[in-house]
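This report refers to the structure that appears directly beneath it.
A, B, C, D, E, F, G, H, I and J are the chain letters, set down in written order, and residue numbers restart from 1 in every chain.
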Amino acid sequence: MPSRPSKTLETFDNPRPEHDYTIRIEVPEFTCLCPKTGQPDFATILLEYVPDRQCVELKSLKLYIWSFRNEGAFHEAVTNAILDDLDRALRPRFMRVTARFNVRGGIYTTVVAERRAPGWEPAAPVALP
Amino acid sequence: MPSRPSKTLETFDNPRPEHDYTIRIEVPEFTCLCPKTGQPDFATILLEYVPDRQCVELKSLKLYIWSFRNEGAFHEAVTNAILDDLDRALRPRFMRVTARFNVRGGIYTTVVAERRAPGWEPAAPVALP
Amino acid sequence: MPSRPSKTLETFDNPRPEHDYTIRIEVPEFTCLCPKTGQPDFATILLEYVPDRQCVELKSLKLYIWSFRNEGAFHEAVTNAILDDLDRALRPRFMRVTARFNVRGGIYTTVVAERRAPGWEPAAPVALP
Amino acid sequence: MPSRPSKTLETFDNPRPEHDYTIRIEVPEFTCLCPKTGQPDFATILLEYVPDRQCVELKSLKLYIWSFRNEGAFHEAVTNAILDDLDRALRPRFMRVTARFNVRGGIYTTVVAERRAPGWEPAAPVALP
Amino acid sequence: MPSRPSKTLETFDNPRPEHDYTIRIEVPEFTCLCPKTGQPDFATILLEYVPDRQCVELKSLKLYIWSFRNEGAFHEAVTNAILDDLDRALRPRFMRVTARFNVRGGIYTTVVAERRAPGWEPAAPVALP
Amino acid sequence: MPSRPSKTLETFDNPRPEHDYTIRIEVPEFTCLCPKTGQPDFATILLEYVPDRQCVELKSLKLYIWSFRNEGAFHEAVTNAILDDLDRALRPRFMRVTARFNVRGGIYTTVVAERRAPGWEPAAPVALP
Amino acid sequence: MPSRPSKTLETFDNPRPEHDYTIRIEVPEFTCLCPKTGQPDFATILLEYVPDRQCVELKSLKLYIWSFRNEGAFHEAVTNAILDDLDRALRPRFMRVTARFNVRGGIYTTVVAERRAPGWEPAAPVALP
Amino acid sequence: MPSRPSKTLETFDNPRPEHDYTIRIEVPEFTCLCPKTGQPDFATILLEYVPDRQCVELKSLKLYIWSFRNEGAFHEAVTNAILDDLDRALRPRFMRVTARFNVRGGIYTTVVAERRAPGWEPAAPVALP
Amino acid sequence: MPSRPSKTLETFDNPRPEHDYTIRIEVPEFTCLCPKTGQPDFATILLEYVPDRQCVELKSLKLYIWSFRNEGAFHEAVTNAILDDLDRALRPRFMRVTARFNVRGGIYTTVVAERRAPGWEPAAPVALP
Amino acid sequence: MPSRPSKTLETFDNPRPEHDYTIRIEVPEFTCLCPKTGQPDFATILLEYVPDRQCVELKSLKLYIWSFRNEGAFHEAVTNAILDDLDRALRPRFMRVTARFNVRGGIYTTVVAERRAPGWEPAAPVALP
């Protein structure tokens, strides 16, 4: 049963909203088009978030990532746009998006953007020896 | 002498309860079933804890991990459930559970959850050069 | 100046046709669509060849690889098809195509196909200690 | 739509039967039970074959690998059994099965078995410098 | 269409100036000349910055890096000079330049320099477990 | 001239007691016996300390590590015991012992314990960029 | 139930004697004593064999490896002795023993010995591209 | 005392001409210009040879490699040209040149060329287990 | 023109004294003699410093490192002595010396010592996400 | 008890002269002086041999390697000289010496030399799958 790319991000209820915890999702298969040259760009996308009421459903995330396949996108703008879309769909306590683009012209570029919900504070980290 | 999976977590007395110290346990052989598709999922589970009165006995931990083999379990929920079970059995000063799931649909997911005993504070970490 | 995907493989004259030598070309950014599900597949393509009269021009190779982006292609068939296309364009003394596909359903697939020109024999390899 | 484990190996027609070529398939998620202790064993299975008329269909291979999940199996026997099953389903020109089992009792075991079709000879390998 | 080395750093408008975010750029192909011996030196340059109004355009950065190819440059001075040039062109909120030079005389040298815009403070880092 | 295992830890005068500095010692060849099964266990021991008046002499440390070879020892207890013995012999300003045990039953265990001399405070760490 | 070191190597019937296949067993926890100094030596032992009628049982192999723990043994002699013992117990078609000893005096030593059964010839290896 | 790039390859007498032996030289700092775009290219050059009467002097090799810095050179042609130059200067029994170029347009290229002196045969290689 | 080992550390003027920045220098070729046995010891030395008025000149650093070649030196003492010598020659704002010695008697030792100029405070580190 | 460098290579009787087997010895701590500049050179030496009547004793090998510490030695000559010395002392059936020198002038050099006893033939290698 064929599926299609989609900008819709499905969510499910956070099974443990009473505690902060971390969800990390790595997607090595992001591709879009360079707006200047029209040629394909490739990146690995890393999402890290502390869910509030909703978690992102993985199959819809896959279709969402797929939706960039034939879109033109600059590195800095697309990273912020992915963060915006996920922030709007999930309203997480915290989210960070890291996009590591493949080398172009001998240059490797990574863009990292993050948002915190107003009033949310991370717990003091426990650094065990 | 065959053994069987079991939800019972055996413990033994912490041999040095007067000091905080760290126990780290990595279990690369966690497997459960996906509740949506019924198919096997695989993960590496990392436990890190500061014991209080009890430490977890390794053989019973192995049988406990085995007990998920034929259960359906979502990534986020099962990570929190393992933390709950260990927290209930050990009442540690601090515990963190990290579950790194194998790639599915081109996506790698890791879930990290932790609990502190009420009133426990970690010692200020000593970062030697 | 935007460029476009293209099935045309440009060539240039082998600068040293009087000796056998090896050209190895690795393309980590191959992507096509799965004919069953319509979803994107990704692979790294490795070409290894002994040129005869023609060598493949790299920019046209890039556009050729790009041409699969919106085509449906099975792993085994597309590897053989790339070999056919390059064999037709270059008529090399020898060519091998290795396609390492990204994991799908927990399974990693690699396909390797090769052709020799009729009558060509590789020199006995010199294995220096 | 849930699927189930199955011993049936589906095949499809080799798209290029007129040439020998190699298909390599790595399955890091094999698990079975130890016939002595009943406890889970884990392995990575590597298949390498030269197809004749049929290639193995990947989804059915996944269900086949899954079918060992609740079966008792010794390392040496199960490796040879997987080879037998694939040989019977595909009748390949050549097939090799490598099973790398996880450490048990401080010992790492790997079993490698292979079959050739009667009369089939591999082409002399071309070792490019 | 040949291009030429250039000291001019082109910029484009930061697409998301209302939030701090990180841009990391790695350039493994820096080369200059040793002012003492005239011989080539090689380094990998890493830029990390928080853009304010402007981001650096990658093609002009490539031409800028190229502009050092036939210049004499000491390790410590050139690292600071690159930081100065980028700081002047971009006026970033924060920038760090790391230059890892290739071994010379059995010695590996790395130089790291950074600047903050007056009054800018980094957000308290969120260290997710 | 044969030597023998020994519980005696020889020390020598700290050559620079007027400053805090770090000594790190890794011993990959620790082995003892499992008190339950009598079978050998193996671990890598890492010591990190800030010496006060005395440093540990390496040959005697080797004989000390050897002294566990035929002793039964639980992971958690033996790590704390090594820390006690070294603490008693050296009276360091700070000491940490990390014991990484080899996999048993598919489970990897590490234990980390540390002590500070009363009143000693680590210098604020200098994190150079 | 405690177990003990033992020189007895238990075997079981080769489940597929009609074909040659390879069994590889890596034991990273070999230790013995240096006959000159009495101090512990450590090595990783790799066995590779083509079974004939018998395969080595892994638990007895573990006890056999353990039996060297308090014996003096030179590197070259003990490697050949392990090969002799396994050859006598299994009568394999082919066996190779590789012993990689830990560094001593700044020197790393590896010893590799092998035996073939009289009249046994390895099949011509199939080197797939 | 500044030095300059030079096409002259200095040699010295082979100290052991009565036996074949191997000299391997890796130069990670090759750079030239792309003849189409004028932009810098980078490569690692590996030389492997069996000397006859002459060996290449390393300092002159460094100056020779430097001589390509401001020359236009295609990958395939320059690899063969380096082989020609070294062959002419050294008249080795055997020489192989491997040039691994940095990624361009998402594509990694390596070229390998070799020559044997007329009548020279390599000794049958000894493959120790 | 032969050179000689020397205890003299040459310096040059810091080209950017108005800002703190980091210079990291790794020297993998340190060797001295063990004062007890007279035998050679080997180490990798890592220097990290924030220069004040002077930077260390690399060629003189190489000759300085060479000066230990025939001197007896204990691990802890020599690390502190190198720090003293560099501190005296450069008067840096901050300096750290890390000496990682090669394994001896199965034990790996690293010593880390550092000094701050009176009154110097490191800038608050900027940890970009 | 101090020891001294020595050119004498002590041997002991091969414990299993009736079979060919391999002894591999890696010495990462070779150092000598460059005859041109007088400066230290460093290398890793790998010996591989099939013993005949004698094996090399490791402590004397260590003293032998040490004997080069203050000698001038060219890369190609010293590798052949080490082979000559070992060949004279051991009269092995086969010996290979590989010397991997540290980078100098941006160039890495390795020299490999080998000798066979007259009339010795290696057994046909068994390449297990």
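Criterion: a contact is a pair of C-beta atoms (placed from the backbone, for glycine too) under 8 Å apart; a residue touches a chain by one contact, two chains touch by 3 or more.
As the structure is a computational prediction, the values presented were derived from the model and not from experiment.
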Subunit G and subunit D - chains in contact with each: C, F, H, J
Option reproducing the contacts of D-G, where over half of them reappear, out of C-D, C-G or A-C: C-D
Between subunit J and subunit B, distance of the C-alpha-averaged centres to the nearest whole Å: 50
Chain centre separation in whole Å, for subunit J relative to subunit I (CA means): 33
Sequence positions of subunit A contacting 2 or more other chains: 21-22, 24, 28-29, 42, 62, 96, 102, 104, 106, 112, 114, 126, 128-129
Chain-chain contacts as defined at top: A-B, A-C, A-E, A-F, A-H, A-I, B-C, B-D, B-E, B-F, B-I, C-D, C-G, C-H, C-J, D-F, D-G, D-H, D-J, E-F, E-H, E-I, E-J, F-G, F-I, G-H, G-I, G-J, H-J, I-J
Of subunit J, residues touching subunit I in the complex: 1-4, 28-29, 31, 36-40, 42, 62, 66, 69-70, 102
Residue numbers on subunit H that touch subunit A, as the complex places them: 42, 102-104, 106
Subunit J - residues contacting subunit G, complex: 14-16, 19, 21-29, 51, 55, 58-59, 61-62, 126-129
Subunit I-touching residues of subunit A, taken from the complex the two chains share: 96, 98, 112, 114
Footprint of subunit B on subunit F - complex, ascending: 22, 24, 48, 50, 74, 76-77, 79-80, 94, 96, 104-116, 122, 125-126
